[in-house]
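Each chain gets a letter, A, B and C, in the order it is written, and its residues are counted from 1.
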Amino acid sequence: MSTRGWFRHTALALGLAFLYIPILSMMVFSFNNSRMVTVWDSVNSPTLRWYVRLFENEQLLGAAWISLQIAAMTATGAVILGTLAGLVLTRFGPFRGRALLSAMTTAPLVMPEIIMGIAMLLLFVSLEQLIGWPTGRGMLTIVIAHITFTMAYVTVVIQSRLAGFDDALEEAARDLGARPVTVFFRITLPLIAPALVSGWLLAFTLSWDDVVISQFVAGPGSSTLPMEIFSRVRRGVSPDINALATIMVLIVATGVVASTVWMKRQERKRLLEEQMARSDAG
Amino acid sequence: MTQKTVDRAQEYVRIEAVTKRFGDFVAVDGISLSIFKGEIFCLLGGSGCGKTTLLRMLAGFESPTSGRILIDGQDMAGIPPHERPVNMMFQSYALFPHMTVESNVAFGLEQEGLAKTEISRRVAEMLDIVKMGEYGRRKPHQLSGGQRQRVALARALVKRPKLLLLDEPLGALDRKLREHTQFELINLQEQLGVTFVVVTHDQEEAMTLASRIGVMNKGQIVQVGTPTDIYEFPNSRFVADFIGSVNLFEGQLVEDEPGHVRIRCAELDSTVFVDHGISAAPDAKVAVAIRPEKIELSREAPSGDENRAHGVVKEIAYMGDMSVYLVRLDSGRVVRVTIPNSERHADQRVVWEEPVYLSWEPSSPVVLTV
Amino acid sequence: MFGKRLVIGVPWFWLLLFFAIPFLIVFKISFSWMQPIQPGYAPLFSWVEETQRFVATLNLSNYEVLFRDPLYLNTFLYSIKVAAISTVLCLLVGYPMAYAIARCKPSTRNLMLMLIILPFWTSFLLRVYAWIGLLKTNGVINNTLIALGIIDQPLTLLYTDFAVYVGIVYSYLPFMILPLYANLEKHDLTLLEAAADLGASPTKTFFRVTLPLSMPGVVAGCLLVFIPAVGEFVIPSLLGRTDQLMIGTVLSAQFFGARNWPVASAVAIALLLALLIPILLFQRYQRRELEAAKR
């Protein structure tokens, strides 16, 4: 058993090293003075010059702002549509078109992005020819495309949350005289709130990160941050991208760590209260 | 067993030829039933017998495929759950985990649009009735199982329904707490005068709670009656076997008089004499059901040559308040006999492998034709 | 009743319009002729004045090209090979990790899961980019190996098949680990004790009990890696060979470079057909998981 324990710990340690070394190396070299990204200039480093240059780069900052807006709109839209789809699939029983809806919400999870990108672009082109909308391509088309592929993820998150709690809660509310709309807002929504938050964050991240689909459906002047990074990176490594990566990693890490700590504290509190309830059961 | 006087004239719920199908599966198969005002009616049956589906149709979560349900004379067809004068206590209690005990209980009253002061007065009053007054600010996960059950009850009763549906109300409680809670439930029901319809798979629970029991099997009600009726006068092999334990002997009617019958059973070495008449075709195949506690065990041969059998004790199980004897008759059939342990020292009791006689009173056997 | 229809209708029509119909359009365009002017493809049906009739001009040559031009078949097979090898590597790396996490103390477990997911929340593009810095001729790996005296000439690591495998394994590892973990975590550990009690060695127990029980997780993880990897476009264009393209790169080049939308559509349809069975398998898995969660 102890040899297996040793094997498990080694596997985990090596795996985590594999996951983190590239990121850490990128972060370290963001403070490197040399233009030769991977050769450490020990005389003049560490330096913040790439960070300064990054914040002077209006093109990148502009793209970041566009990406932020797109991601926020996408996440909001995807949460609304994904919640409806999740609710319909777990709570509404059989209806005509259910199988199609279920297939359409799981397919985007594994669909290669490039196929979705082409399909979305051709749709927008055809629509514009047919009904004159959407005129040209830009933020609107990116948001529509992003909502479509991210809502699948939100649907899965919502579905598993809804499947995890008792249908009887909603029935009890109806039994106590609440109309369906009241049931949704007073019972269902508060109960799936954590899933709404994680669904929103997931959709935000997926949208913020997407380059392939955006490339197809973006128009002039609507380059997203990943598109900008992609075109720079294709030309080779550049130190200010390291700086950008470091900033993004730090923001995400802070957020994830903070939320994990918070959730853990909530859980501990809950466990404690449950224990107390058992001990003073009368 | 509680015996209550129920005003039979006042029918409150009327179920008329109700059938419910899910695809090809018939969950409820043409049930007709009346439930009276102020009674505790138990639907008793094994899992999948359709009892919960019937309850859910009363609450309005399912609608009958055919047939009608009338509550207080009003046809319930097309009336959604939130508009029915009925409340339900769920098997899982279904307490809203994000609300305090008070808000859980207040939820139903808020839907009626009552004034805030009125709501808090009635909530406090109801929590006092179920002895949960001190726990109003707690969340459901901070309560024990028994406390949750009371909150669920309070939440359903605070709306002052005329009819309360209870789905396995004691199922989630441990044995000791169960017995205590059963009597509390009965007291509460008498105090508030609400009609209860209880679904349970537990015959003991049904026996203690119910004024009447409806035994269900395969989507149909096979017998309706008081607990005594159901136990002492089961109308079918299914009911006799389902409620309590019973020794069933297949036999043939040999003498059929208005005041008595005689039945010959291949597994018994004497005829069975029953001191009441039955309605069956001459020479009909019937079954004789005798409860284990109605059989006497003796070393000496009993007088008379009817209602007796001879065998050997094969097993004795000591249960504390009573002992169960398994006796193998000369025919090879094993019969179950229970004897109360009324004395602490019983040197006179029969032992393993001892030959014994079994006998019973002519009033004990029940003759079953179906 | 109206409210219920509305709730069903909104997501249903959204997905129909923006997900299902686009595929039909791609399918339609894959049978069109290329057209140098906007929109880049000729209509399938046209009104012919002289005969007063609708004429359908079906063009099968887009598909014919796929079979005749060895470039397409070649890239197709290469893409499937790369995706398959990467999937196997991903499984070999991910399974021990998922197993180790599932057997951790519950408190450590959540921390470990967070560590696995954390990189996933940071930019995919930047994580692939990080490997350029590591794998370059004068990159971190070569510099370190030379400094340690293990090699004296830098190895060619970047722009190779190896680099693509590493990039795919790195980017898709969480997709392999999470379904595997979800499965392994549910295992009843008394099964292992029972197997040991019946005389099986730990290794035998693993291969006879744990591995067979974890097959649904293995299949799900592999599908989640394999299907998107076949159509991968970013990783091969940043890390991969320049003399051997993957289908995603060819598709993108046909679309943006040659602006041959009909052929690009035909390639997309062919790719979709090739992936249809894995996609359907995945859908079945997903449905079962949700049903299991309901119980």
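Couple of notes before you dig in:
Following the convention adopted for this analysis, a residue touches a chain if its C-beta (ideal position, glycine included) is under 8 Å from a C-beta of that chain, and two chains touch if they have at least 3 such contacts.
The structure displayed is predicted, hence computed values, not measured ones.
Any chain bridging subunit A and subunit B, meaning touching each of them, is missing here; the list is empty.
If you tally contacting C-beta pairs for each pair of chains, A-C comes out on top. Centre-to-centre, using mean CA coordinates, subunit B is 58 Å away from subunit C. Separating the CA-averaged centres of subunit A and subunit C is a span of 17 Å.
Within subunit C, not a single residue touches two or more of the remaining chains.
The touching residues of subunit A, counted against subunit C in their complex, run 1, 4, 7-9, 11-12, 15-16, 18-23, 25-26, 29, 36-39, 81-82, 84-85, 87-88, 90, 92, 95, 97, 100-116, 118-120, 122-123, 125-126, 129, 144-145, 147-148, 151, 155-156, 159-160, 163-164, 180-181, 205, 208-209, 211-212, 215-216, 226, 229-230, 233-234, 236-237, 241-242, 244-245, 248-249, 252-253, 255-257, 260, 264. Contact residues of subunit B toward subunit A in the complex are 59-61, 80-83, 86-88, 90-92, 94, 96-98, 107-108, 111-112, 138-139, 141-147, 155-156, 159.
Residue ranges on subunit A touching subunit B, taken from their complex, read 165-166, 168-169, 171-179, 182, 186-187, 190-191, 270, 273-274, 276-278, 280-282. Partner subunit A is touched in their complex by these residues of subunit C: 3-4, 7-8, 10-12, 14-23, 25-26, 29, 39-40, 93-94, 96-97, 99-101, 103, 110-112, 114-119, 121-127, 129-134, 136, 138-140, 143, 170, 173, 202, 223-224, 227-228, 230-234, 237-238, 248, 251-252, 255, 261, 264-265, 268, 271-272, 275, 278-279, 282-283, 286-287, 290, 293-294.
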